[in-house]
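Each of the next two complexes has chain A plus one more chain, namely chain B in the first and chain C in the second.
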Partner chain A sequence: MSRAGFIRLLIVAVAIVGLEVACHAGLIDPITIIPPSAMAAGAWKLLISGRYTEDILLTLGSVALAAALAVAGGFGLGYGLFRLPRLRRALDPLLASYYAVPTFIFYPLFIVLFGLNRLPLVAIGFVFAVVAMAINTLTGFERVPPVLRRTARALRLSEPAALVQITMPACAPYLFTGVKLVIAYSFIGVIAGEFVLSGSGIGHEIAFAYNNFDNPTMYGLMLLLIGFVSGLNMLLFAWERRFYRRRGLT
Partner chain B sequence: MAVTLDKPTRVHRRLPRSVGFDRLLLLLAMLFLWQVLTWIAGPEVITSPPATARKLAAIINAPDFLGHAYETGRAFAAALIISLLGGLVVGLALGSRRLAGEVAEPLLVALYSIPKITLYPVILLLFGLGVSAKIAFGAIHGIIPVALFAMNAVRNIRSVHLRAARAMRLTPLQIAIHVLVPATLPEIVAGFRLGFALTLLGTLIGEMFASQRGIGYMLVQAMETNDTGTIMALALLLVTIATAASWVLLRLDRGLHGNEQH
Partner chain C sequence: MSVAAKGPHASLRGVTRVYPAVEDHPPVHALGPVDLDLRPGEFFSVVGPSGCGKSTLLDVLAGLAPVSAGSVAFEGRAVAGEVPEGIGVVFQEDASFPWLTVWDNAAFALRRAAVSESVVSERVDHALSFMGLAGFASAYPAQLSGGMRQRLCIARTLVTRPRLLLLDEPFGALDQQTRLLMGDELLRIWRETGATVLLITHALDEAAMLSDRVGVMSARPGLLIEIVETRWPRDRDSTIVSRPEFGEVTGRLWARLRGESLKALELTGVGRGGMEIVR
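Moving on, here comes the complex of A and B:
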């Protein structure tokens, strides 16, 4: 393991142990934060009890659908903006300010449009995530060195072939960043929607546990969620590393 | 072949010099699209642009709006100062130390990517109901992107600048002010643009869940009563504010670079 990786692990371990000790020593009110061991126990208990399995699957399904739509849609949008530089330049201030509006305020509107089911939540996740993918695709395409474009033309590649064989691999770091952001943002969108107005899903259960001072369940669900998102990100990161190594980039 | 070779630069040169006309065109196109959506979905689902503007004017002229806006503005200003300055200091410090940056970057990225909305109960329990929870929630949304942008920018500074600074025996503070910040200004501004939007988002979310005042509270009330007109009007207000801020920062960035056209 690299030195930086070791120090990082040490920092995380010290933080967790420190929190554990502070909780047991009574420095932190157990109504505020419970010790990490109790969080883990809470997470384990609610996993084997099966009471929350349905909620967890519902949330994960909605997030997966929203993320898949956002990756595809955001890539198309980014590519379209890349081909239309005039539109891209005019749109610039709007792209940066897009994330100032909490997308889930449109939940009531989506309910009217899609009906009282999971689709409005998927729509929130999608709308929240799609622009992150579009921005990253656009930035990636703009940073592709001109020499690669010229190579594609010299080889007389068709536009789709050049896209798949040259442009996309060349801007892979940006596309990977985009996908990671899409995952995070779809989770935020779906869970925020559940948090505010839904009757099911992880977000709703966290809010419910919070309102009932049920700290083990609340922190257990949060731990599961954060663990899941981090795990997914690490998987993507590992895949990304392997991809770069194959291209001799590390 | 030669003709195709310089095609990209020719396309660039053909872009009109002033972007203002394009922006106006885009604005009109978006308003038209919005109106078309209203026609398709019906005015009770999506209020039309003129109706939304009228509603917004009515909301702004209502006697209690100033109090709500002041409440949000106060919390947002404090959160913004923490996000921008804190993010900048953290980013510059981590960027200029190789090992520290390597240790911190994956941690920061992991923190950035967790859905912070789930941490809301923790923030509430730590800070209590009130303005400090809102500020904290705004700041945790904004500080990490600002730090990440600044850190990556500092890492890419040409080492000759840093060596020159060391040769002149500048103190760390002097290095930060005279070398790091000027060399990384475009990335810092890009980070600030994103930080501004995300801090506003965080502050509003904070108000939505645990407040009796502010624009976030107005939004959550409108959501609960399914008052589409108010939701659209407030969304319009927020988009306008955030876009204006983003545009000002963009202009500032361009101004600092002299007359460079992008």
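Moving on, here comes the complex of A and C:
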């Protein structure tokens, strides 16, 4: 393990132990926060009971669908803007101010459009994530060195072949960043949507447990969610590091 | 080589290239009219002041850029719209693919050409060993020096066995010693492959050392104002720079080029400010 990794782990461990000690010493009201050991026990119980399996699968399914649509749609939008510079110039101010708009306000509209089911939540996750992918795709395409495009022509590649075999691998670091943001934003969009607007999913169950002062369930679900998202993030981080090292970018 | 009736390997007839107006910028007459015949198997270099259209000349010959007037032919067939089979191009900038290993970089064009895997292996192994990269086959370009990456780009082009090799200042980013050594490598490739080579360079000594003939271009719009024959033996290398004739060739090139370089400086406005141009 690297020195930085060791320090990072140490900080997390100290925070957990500190919280554990503070809770047991009565410095923190158990109505507010329960000890991390109780959170872990609650999470384990929830996991093996199977009580929330359907909610977990619903949430993960919605996030996966929102992320897949955002990656595909964002890539298409970014590529379209790259190919149509006039359209890009026209849309630039809208893209730049996109994240100033609270997208959750569109939830009623999505219910009207898609009905009372999971699709409005998927739509929230999608609209929250899609522009991050589009902007990263556009930036990636713009940063491809012109000499690689000329090389594609010198090697007599057709336009689709050049796109798949040269342009996309060349801008892969930007696409990868876009995918990472899409996953994070899809989680935020779907969970936050469930939290305030849905009758199912992990977000809803966390909100339900909170409203009923059921701290072990609330913190257990939060821990499960954090564990899953952190695990996914670490996996992406490890893959990204390997990918960047290969290209001499680290 | 299938050059029709022993004619020129490639030719340009009245080739002109004008870049169209873009928004507030007026059209730019970059090149021509230029007439040039490349003889089969010769080493031809083009020198000229900065911005004179040397790279544009290479682009139109390769089919990477359209001509505004005139015609380009390679092995008797018109070049238009795309790079013909048989032409290989190496650029000044690093054009290696950072996501592929050295071996896969070199194999890239052959795999596209649906060549059998055994032929790919044979040609790639040979090209990498020829370019001194055999020990780096599984490395990535990021692990190579600038000179090695440029050799990799040359290897990637060589495996396709081009009959006409177009080189756009391929050693421009290298130091002088490495350039001389790379020049020796290039001469070896030229001798062993029998390809016709067109080299674009701004280095007079490089052009004088490597070439059978050197074309001198004027300031923009680029015209071929003189073609200097070096009369070097085919079996030559960088030691030629110590011969008295080398100085004569370089001197002749510079005598023709000096005035054009001054014109180019005036065109770009360099001579109007703090720098005094001595005529």
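We adopt the following convention: the second predicted complex is superposed on the first by the 240 of 250 C-alpha atoms of A that agree within 3 Å, B and C clash if a C-alpha of one lies under 4 Å from a C-alpha of the other, contacts with A are read in each partner's own complex, and residues count from 1 in each chain.
The definition used in the following text is that contacts are C-beta pairs under 8 Å (C-beta built on N, C-alpha and C of every residue); 3 or more make two chains touch, one makes a residue touch a chain.
This is a predicted model, so every value here is computed, not measured.
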item: Partner chain in contact with A:P145 - chain B first, chain C second, else both or neither; value: second
item: Touch count on chain A, higher of chain B and chain C; value: B
item: Which superposed partner A:A40 touches (first chain B, second chain C, both, neither); value: neither
item: Chain B versus chain C as contact partner of A:R246, first or second or both or neither; value: second
item: First, second, both or neither for A:A64, with chain B first and chain C second; value: neither
item: Chain B versus chain C as contact partner of A:R153, first or second or both or neither; value: both
item: First (chain B), second (chain C), both or neither touched by A:L197; value: first
item: Contacts of A:I16 with chain B and chain C, given as first, second, both or neither; value: neither
item: Touching partner for A:P169 - first (chain B), second (chain C), both, neither; value: second
item: Footprint overlap on chain A, where chain B in one structure and chain C in the other make contact; value: 150, 153
item: Contact set on chain B toward chain A in their complex; value: 1, 4-5, 8, 11-12, 15-16, 19, 22-23, 25-26, 41, 44-46, 99, 102-104, 106-107, 109-110, 112-122, 124-126, 193-194, 196-198, 200-201, 204-205, 208-209, 216, 219-220, 222-223, 226, 228, 231, 234-235, 238-239, 241-243, 245-247, 249-250, 262
item: Sites on chain A touched by chain C in the complex; value: 145, 147-148, 150-151, 153-157, 161, 165-166, 169-170, 172, 246-249
item: In the complex, chain C residues that touch chain A; value: 62, 64, 82-83, 85, 88-89, 91, 93-95, 97-99, 108-109, 112, 140-143
item: Sites on chain A touched by chain B in the complex; value: 2-4, 7-8, 11-12, 31-33, 85-87, 89-94, 96-102, 105-109, 112-113, 146, 149-150, 153, 180-181, 183-184, 187-188, 191-192, 195-197, 203, 206-207, 210, 218, 221-222, 225-226, 229-230, 233
